[in-house]
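Note that chain A is present in both complexes that follow, paired respectively with chain B and with chain C.
On to the complex of A and B.
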């Protein structure tokens, strides 16, 4: 009797909690997904449907804007630039950042913790404060409007990011794995590349993809450091949105925006898969 | 040559010294167990022999070579870790062959040596499995296999059985012993479990607080503990201790005022002593120390009696069975040759560390 009496309110409460969680989840999803939904929807509308008031959900979809923009050489080049810069910055950062993260996690260096913290704190500087000096340096070196400039600029914030993510990942691995490798005949480098890197592949890939997404979407440095050849897609979008002569072309904006978001969504889904795999892999330690 | 010489080795972390000058000479083929409570420095010492920790002071020789500055990979040692440290992305065969591949041994020879080790350890059906597909005991065996394919100068074991359940631990213990008898490779074995140390080792080194308390063959430590610590640490169930003042050369007065007549023995001129007697050296007799039985635990072959005497819990082990019941008063006697005398000191906590194995 008493047992039933105490259990019942708990069940009611937990059901209520369950419902609240679902409602909260739906609300948050709507807030985040509706703009994306609206962007994708708008990108398939023609000019008239876009400006229909009240906004319409029912219209004849058209690929007009996509065809127009996908066939434009400058848009395609910017897309290619974005791929080059995001891949380059991602790869450079994962190599340098993971090695730095490993050193911070494992190698006993005096002041390593302080050093690591300082690198992290450097991210606290507003990017705008760095963009102008970077531009001056790049101009001095004759490096403006080049892919490598953006790759290096992005690495300044991606490396600390990778370093800290990978540091905690490496810390979660049992130290004995490397020690065993070092007794088995590896140097510290050998242990890192032959044992730690293969084990950390899910973590490394997830971090690489996160870094590439960050580089993919970056606007400020791209705006300041490039003007024609190496310009990336976010700059193009900003250009369309801020067209003061013809006004914003909403069709173009949403179509290019959708093209930009698609690879990011695919990447994010891949990360999710790897992250889960990475977690499952970790369970084999014991 | 698989000799290991440890000479006045010290280890400090910053200002804190954790090993205060330890010296051990290990002969070729010897099985030495380093045993002690956690924090006594035994694992640190082992890791220094392996080259995983720097040596702050003193020197370590493997064979005739001082290895202080030598990288772990160049020391010709193999180590088995408590958590096995198997490479999760490699299968059993690759795990066992990894060290040989690092040394650029010919593929055919690697295969032969791996197969040979697998046969010794009964791992043949598991060679293509990944570590995650193995049970704890199998992983433990692979870790040992990884060590023996190397045919190193010295085996180092760091609490290799601590992650196994009690039954498997006993089984693996005999396997390790058998393996050593077969391979005769110098072995240094770290454990906190005194039974493992006693059963496996040719020589046991008891460590406490960064120094060696005593070293010697297992039974010598058991029969002649040099300190209260060793007496309390070695043996399960542990030795019984009674502390008191020598009011006369042969009369010990306990804290509650009980007076015990002691045989004339080595008092070393101390007024205050702790006497120790092992549970199996006490016998239930017609006269002797009167004790009130609190618990009787028969295990079949023997019976453990816990009784209260002069405010102390005394443990007695009897061969066979008994009709003694709780709350009964029994009398305990002993052969005075089995009585141990120590400087009076608080009995170390380790006395409570009893192992299930």
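On to the complex of A and C.
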């Protein structure tokens, strides 16, 4: 009787604790998602509804801002530039980075470990230390304001990133796979491209998508290395947000911001399982 | 050389050739990355060092005459540089611990077992992939002193109106809030994965031994998580020292120089004032500071790992 009486409240209490945890967790995620929701909401307001006091949740949605900004040639062009640069940088880095990651994981090369350490260290290099010389060299070679320049600049942080993620991915594959392939007469290249790449496709694809996201949202190199033709969307957003002459144009900011964020969110949610796994492994093994 | 075995010599040579060929194949996996990173990463760093010891020649737009430590001396006596370093330190000193603690706290909350757990965890990816410059811009709108939602809500609990971007301390707080919003989800995702990987039987044993949740947390969970916490801290540090986009979009270093982090300061000096040599010197100083501190943090995290 006494035993039952002491056990029961404890269980009730822990169940209550469990429930509080769930509710608190949901509340916290609402708090974290709210700013994005507010941005998307604001992008459908017209100018009058944006500047209300108190801020309003109820209004007639309009596509006014989208129509105004999406029809502008410079916004479309910047969007296209961003797609080109993100795709180019992503593809270059996934090919070069995954081959190097494979070399670090499986191919025994003298000095590879040192190289791996150097690459890890390179993550500490402040981008501004690269932006200054890159700008000067690009200017000298007549390469400013070109897609290829941004693609190459982005590969400085994407290749190490891909290398590190794919290295741990390849390490998790059974060694017998390529050993048996090579006994069967495959060359090293054959083993890599015919056996390893196909079974690593989910990992490669997710890493590619995440690399593209990193390139998609990069600002510093884009600001420094482009000025008109190859400028990307983040530069446009920085310009809108920093417009102190006319005051920030919130309609433009939220509409262009929403267009920048939505595709990325969709892609990220598509690969979320691998993304979370990759993050966790990067943290524990990196 | 034995006369009876002429073929032996040949097969040795073939074997050696094959070995050499294999060596080339092995290196060819690594070579593209090495070449690209040498050209695009190592060379620019050396060029930065070169410029930092030279007078910048506007005519050729490159490194001019060697001036020794002059640029460094000038930069070191520039109070604005020190100010920007101080601002960066303040930002880091608040943002990093807050993000790690809040991140692991939220991870504990959202790891509660129920049907919606997977969805909640996936949703935490969203802030993480909002471009930092967009994050800065949209928070600037939310924190707007006049029309912003934040001040309106704070008004209900009798706070404010706060001049988020006019007051130096509040502007720094705003930057830290935005950065925390953008980056905590990253830590949450690492932390949830780490917590799921914790051995269940240890907690079972703690429960049977009658540990309350507080002692379970402090004597079981935290020690087990220390390596991950340390690693998360280092990764987040490597990201946070690059702080640029959010400040640029939200405050542009203002008011005055209150949130002018060092990266923004160097950027302005280089590309607005065209003081490339001085900027290069500052970039080298920041590079060395970052490397030394990263080394220290890595060391400390190894030590912590051994300790627990």
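Criterion: the second predicted complex is superposed on the first by the 246 of 286 C-alpha atoms of A that agree within 3 Å, B and C clash if a C-alpha of one lies under 4 Å from a C-alpha of the other, contacts with A are read in each partner's own complex, and residues count from 1 in each chain.
As a working rule, a contact is a pair of C-beta atoms (placed from the backbone, for glycine too) under 8 Å apart; a residue touches a chain by one contact, two chains touch by 3 or more.
Values in this document were obtained by computation on a predicted structure and should not be read as measured data.
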| item | value |
| --- | --- |
| Chain B versus chain C as contact partner of A:83, first or second or both or neither | neither |
| Touched partner set for A:240, first chain B, second chain C, both or neither | second |
| First (chain B), second (chain C), both or neither touched by A:187 | both |
| Partner chain in contact with A:70 - chain B first, chain C second, else both or neither | neither |
| Partner chain(s) touched by A:257 [first = chain B, second = chain C, both, neither] | second |
| Touched partner set for A:102, first chain B, second chain C, both or neither | second |
| First (chain B), second (chain C), both or neither touched by A:213 | second |
| Partner chain in contact with A:38 - chain B first, chain C second, else both or neither | second |
| First (chain B), second (chain C), both or neither touched by A:156 | second |
| Per-residue contact with chain A, leading partner among chain C and chain B | C |
| Where chain A meets both chain C and chain B, residue numbers | 187, 283-284, 286 |
| Residue numbers on chain C that touch chain A, as the complex places them | 22, 25-27, 29-30, 32-34, 36-37, 40-41, 43-45, 47-48, 51, 61-62, 106, 108-110, 112-114, 116, 120-142, 146-149, 152, 181, 184-186, 189-190, 192-194, 197, 213, 227-228, 231-232, 235, 238, 241-242, 244-245, 248-250, 252, 263, 266-267, 270-271, 276, 279-280, 283-284, 286-287, 290-291, 294 |
| Sites on chain B touched by chain A in the complex | 50-52, 71-73, 75, 77-79, 81-83, 85, 87-89, 98-99, 102-103, 130-132, 146, 150, 163 |
| Contact footprint of chain B on chain A as seen in their complex | 174, 176-177, 179-187, 190, 195, 198-199, 281, 283-286 |
| Contact footprint of chain C on chain A as seen in their complex | 17-18, 21-22, 24-26, 28-29, 32-33, 35-36, 38-39, 42, 50-55, 95-97, 99-100, 102-104, 107-109, 112, 115, 119, 121-137, 139-140, 152-153, 155-156, 159-160, 163, 187-189, 192, 213, 216-217, 219-220, 223-224, 233-234, 237-238, 240-242, 248, 250, 253-254, 257, 260-261, 264-265, 268-269, 272, 275-277, 279-280, 282-284, 286 |
